[in-house]
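Per-chain numbering from 1; labels A, B and C assigned in written order.
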Amino acid sequence: MLLEIKNLGVSVDGKTILSGLNLNIGKGETHVLMGPNGAGKSTLVNTVMGHPQYKVDKGSITFDGKDITHIPVDERAKAGLFLSFQNPEEVPGITLESFMRYSRNAVTGKPVKLFAYKKELKDKMEGLSMDTSYASRYLNVGFSGGEKKKSEILQMLMLNPKLAILDETDSGLDVDAVKVVSKGVEKYKNSDNSLLIITHNTKILEYLHVDYAHVLMDGKIVKTGDSSLIDYINKSGFQQLAV
Amino acid sequence: MKPARKKTKVKDIDRTIYDFKDKVNPSFEVKEGLTPAIVEEISQKKGDPEWMRRFRLHSLEVYNKLPIPSWGPPLDGLNMDDIVTYIRPKAKMSAKWNDVPDDIKNTFERLGIPKAERESLAGVGAQYDSEVVYHNVREEVRRQGVVYTDMESALKSDKYGPLVKKYFMKVVPPQDHKFAALHGAVWSGGSFVYVPEGVKVEIPLQSYFRLNAPGAGQFEHTLIIVSEGADLHFIEGCSAPKYNVANLHAGCVELVVGKNAHLRYSTIENWSKNMFNLNTKRAVVDEGGTIEWVSGSFGSHVSYLYPMSILKGEHSRMEFTGITFAGKGQSLDTGAKVVHMAPNTYSNINTKSISKDGGYCAYRSSVKIMPDAYGCKSSVSCESLMLDDISGSDTVPVMDIQNDDVEVGHEAKIGRISDDAVFYLMSRGISEQDAKNMIVTGFAEPVAKELPVEYAVEMNNLIKLEMEGAIG
Amino acid sequence: MDLALKEINRLPVPTWNLLGINSADINGVPAVTAPYKGEYLSELPEGVSISDKTVYAPEIDTGMGADAQKFSENNKNCGATLRVKAGVKADKPVFLRYRIDGKNSSVVDVTCIVAEEGSEVTVVENYSSEGGAKGFHGGLTKIYAAKDAAVNLVQVQMLGDGCTHFDNVGGAAEENAVVNILQAQLGAGEAYAGCKVKLLGTGSRLNVDTIYFGDKKRKIDINYVAEHTGRKTRCDINVNGALMDESSKTFRGTINFLKGAKKAVGHESEYNLLFSRKVRSRTAPLILCSEEDVDGQHAAATGKIDPDRLFYLMSRGLSETDAKKLIIKAQFQPAVEKIPDPSIRDAVFDYVKERLDSVESIS
């Protein structure tokens, strides 16, 4: 098992958001997480990534055989976790290119060969239909919503994590952009790499093979199934599953 | 969970490379304190022309009448009577590096001069305590008619003496404030630059100041005249080793920017942390001319520094880019002043400040638009970053607008490093320390990128070591 | 014999003396204040009691400073202390209407508003004068908002040019209390206003909305200070003004984050429209900060009307002057709409209109 979440309880500012949540993701699997607004989807992924605002009251998170419940976020990134943010931060003064280089260096622990790196970055940007001049712009500063999401996918491709969590990466994108992003995700996905996708939209899923779908409600996973669950939810809504 | 919330300390600048000292070995030293007799003595030893002798004595009178500023950081610990105003090193002015005495040369070698010159500077002037010990201008620059010499030579020269007399402390009169008056009385050393009409100096000129004797004052005078249509970039750098006695720096910089001329004046100040830096810098800009200030303040115990631009000619412009970084024991009160005297003039002030370890930064500015200066535009943006809760930061801007045909904008922000930004960067595998350093570097970047790359000596040690070092 | 009040409206951190913005002096303060004979207090809402005793509140400082405060306290000739009982939400505003006329040449009102825990009250202070009456108004208003209380203070000043006026406000807000202040400084030959509110309790808030209008040779001098002491405190200060003829204005606005004011937010903005070559507008927006975890922002913009906006309005058939008057009115509208009484709202618009009508041309 790559990611194993056991009996997880999480609160924010003293308010319980998740309780008794269990979720397992195996190597090479693609999972989809659905749920109504406010169910706790973003809480879950931020907790998995280790945002200090989210307090783990009980349970554990194991990743790649290692208990990561209490380790800092950068250690999780080094372990092979990646989160594509719903609202990526704008960080003035650091270019996308040099940031990715630092980041790759930090994650792999190996020096990055400049020439090869530049070429790889350029190729990957082109693959995502990104204007390559964005490489020398400050990290996400002044990027449109679509460009920010592409920048996240680009970073995912450059870091090649073991598990990538996409938090509504497709929201706010037009049809073409969804296609481009999906293609990028497709490139990342192989028999070793795993995906956890949070979406309101099934467009992005058309390009991917989904192994499992989960419904998160009232702070826990209430239903798990195969991709047919997605169609079911789309037709019938979440209320059918309310406990 | 146990979050990664332990406080990260941004490292203090490694100042040890500036802290080496030479044995004080002066050939001449005046008594402590300031009297007309001392001023006369300085004047006599320097062989001033008569007008300068009178100017010094007049300035001393003004000095004795003016109060110390009633605003700004406290000047406790600064006792004028304790400060030796004039220390002349043994060396005579030299044009050959080899002629500079070894101990002084060692100091400059350690600071990277004239290495910097060898690399890419058009000329270097080095001042050691009160006197200029070394001046050299590249041959091709000299052939263009550019004059770069020490103030005293210029003062006494038949050719440039009249120019000095015409401009000396006209841009900054001694009546301006107490320390300008002090400067007028005891000034010593400094640079004189004259760029003839239409001459574009392609590579920067640089001067370097250094205080070595404990309790000494440095009062260098810089006068730069950029004639019509000419273009110059001048770089000034300062440092001082650390002593326990308070040191005073009350220099004066006067810049005369001619019609359609362009001058960029870059400064990195990294005085040691016992220095009172009460420097006055001012530019007068003629029609269509441009003054650009790039200013980095990192050192000193107390700073009062507000380069001022007088936009005298129509369509003249000023741009100010500054960064101030105050750490433990530092109160750095910095900013800029501009007076729009003529119509259709333009000013833009962009500053950043960082406070940490109990340091205090103040951004202070004044934008004044005179009654007949129509069609002026001015924008001010200042941003302050607090790195901990024992430091302080004040923003004190003033705008005084005296007609309606203007566009004046002001923006100020103060805050801390955003937790979300730190989390985002860390989610890409970067440590908390590095993430914070990156954000601070990014904050300073708009200013850093304006600084000349060649001017690596200071900035590499300051910005890079301080913030980027851990990232590289 | 007239007196002078020196160095009022002081900047909390002084700057270059030459700029003349560190403080102001009020000349022409009457040495002796005649009694005020007019009726000024409206019918009180239920749960609000009144006394004529001034509340002793040493923890409250005022925006204009101790001298102006003492002057009002020593020369008081009208005003009231209003106390709102805990939990009472006053069902109507308290109106205090003062008028300078032939019989009453000075108004020195001292008003204290004490809102007990969980209470809410709106107090409207309205100053006007008769025709060309000469006179003086020097008022002091102290506000104390206990835990969860809300105090709305509306001050509307529409005095004639023969009057000298000052409004001195000081306040303190405890946990989760809200102080809303609306000032319309529209008239008086010389108008001074100061306001300092201490946000003491966690989560307390201050909102200030100010409009000012300068014409002829009138002078306006304002000093606001929001002092953040408590955690998660917030202030929003919005100032909108217009200056024409040879009028002048000085605006000082300070957000002061004291140590301990973690997660405090302070925002301030000033927008100032200028309509004559001879106006003078001075602004000093300060942020003072001794705390790391805060968010402070300032924005100020001064200049002429946006030419595109003007063009748009004129393309709909308005003359340039009318279009500009409309823009000034629009500039004031959001603040004026917050005045709880329609008759005062209308009076404000009429007053501004009248002043604008006497402006022959707007450059």
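Heads up, the rule we're going with is that a contact is a pair of C-beta atoms (placed from the backbone, for glycine too) under 8 Å apart; a residue touches a chain by one contact, two chains touch by 3 or more.
Note that the structure is predicted; figures quoted are calculated from it, not measured.
Chemist: Line, ring, star, complete or other: which describes how these chains touch one another?
Modeler: line
Chemist: Of all the chains, which has the CA centre nearest the overall CA centre?
Modeler: B
Chemist: When I count C-beta pairs in contact, which pair ends up with more: A-B or B-C?
Modeler: B-C
Chemist: From the C-alpha centre of chain A to that of chain C, how far is it in Å?
Modeler: Chain centres of chain A and chain C, defined by C-alpha means, are spaced 51 Å apart.
Chemist: Taking each chain's centre as the mean of its CA atoms, how far is chain A from chain B in angstrom?
Modeler: Roughly 49 Å separates the two chain centres.
Chemist: How many angstrom between the C-alpha centroids of chain C and chain B?
Modeler: Taking the average C-alpha coordinate of chain B and of chain C, the gap between them is 42 Å.
Chemist: Provide the list of chain A residues touching at least two other chains, using ranges where the numbers run on.
Modeler: none
Chemist: Could you pull out the residues of chain C that touch at least 2 other chains?
Modeler: Where chain C is concerned, no single residue meets two or more other chains.
Chemist: For chain B, jot down the residues that touch at least 2 other chains.
Modeler: Where chain B is concerned, no single residue meets two or more other chains.
Chemist: Quick check on the complex: what are the chain A residues that touch chain B?
Modeler: Going through chain A, the ones touching chain B are 49-56, 69-70, 72-74, 76-78, 82-83, 85, 88-89, 91-94, 99, 102-103, 106-107, 138, 155, 159.
Chemist: Give the list of chain C residues in touch with chain B in this complex.
Modeler: Residue list for chain C touching chain B: 11, 13-17, 19, 21-22, 243, 257, 259, 262, 274-304, 363.
Chemist: Name, in rising order, each residue of chain B that touches chain A in their complex.
Modeler: Answer in residue numbers: 1-5, 418-421, 423-432, 434-435, 438-439, 441-446, 471.
Chemist: In their complex, what parts of chain B are in touch with chain C?
Modeler: Chain B reaches chain C through residues 70-71, 362, 364, 366, 368, 371, 374, 384, 386-389, 391-416.
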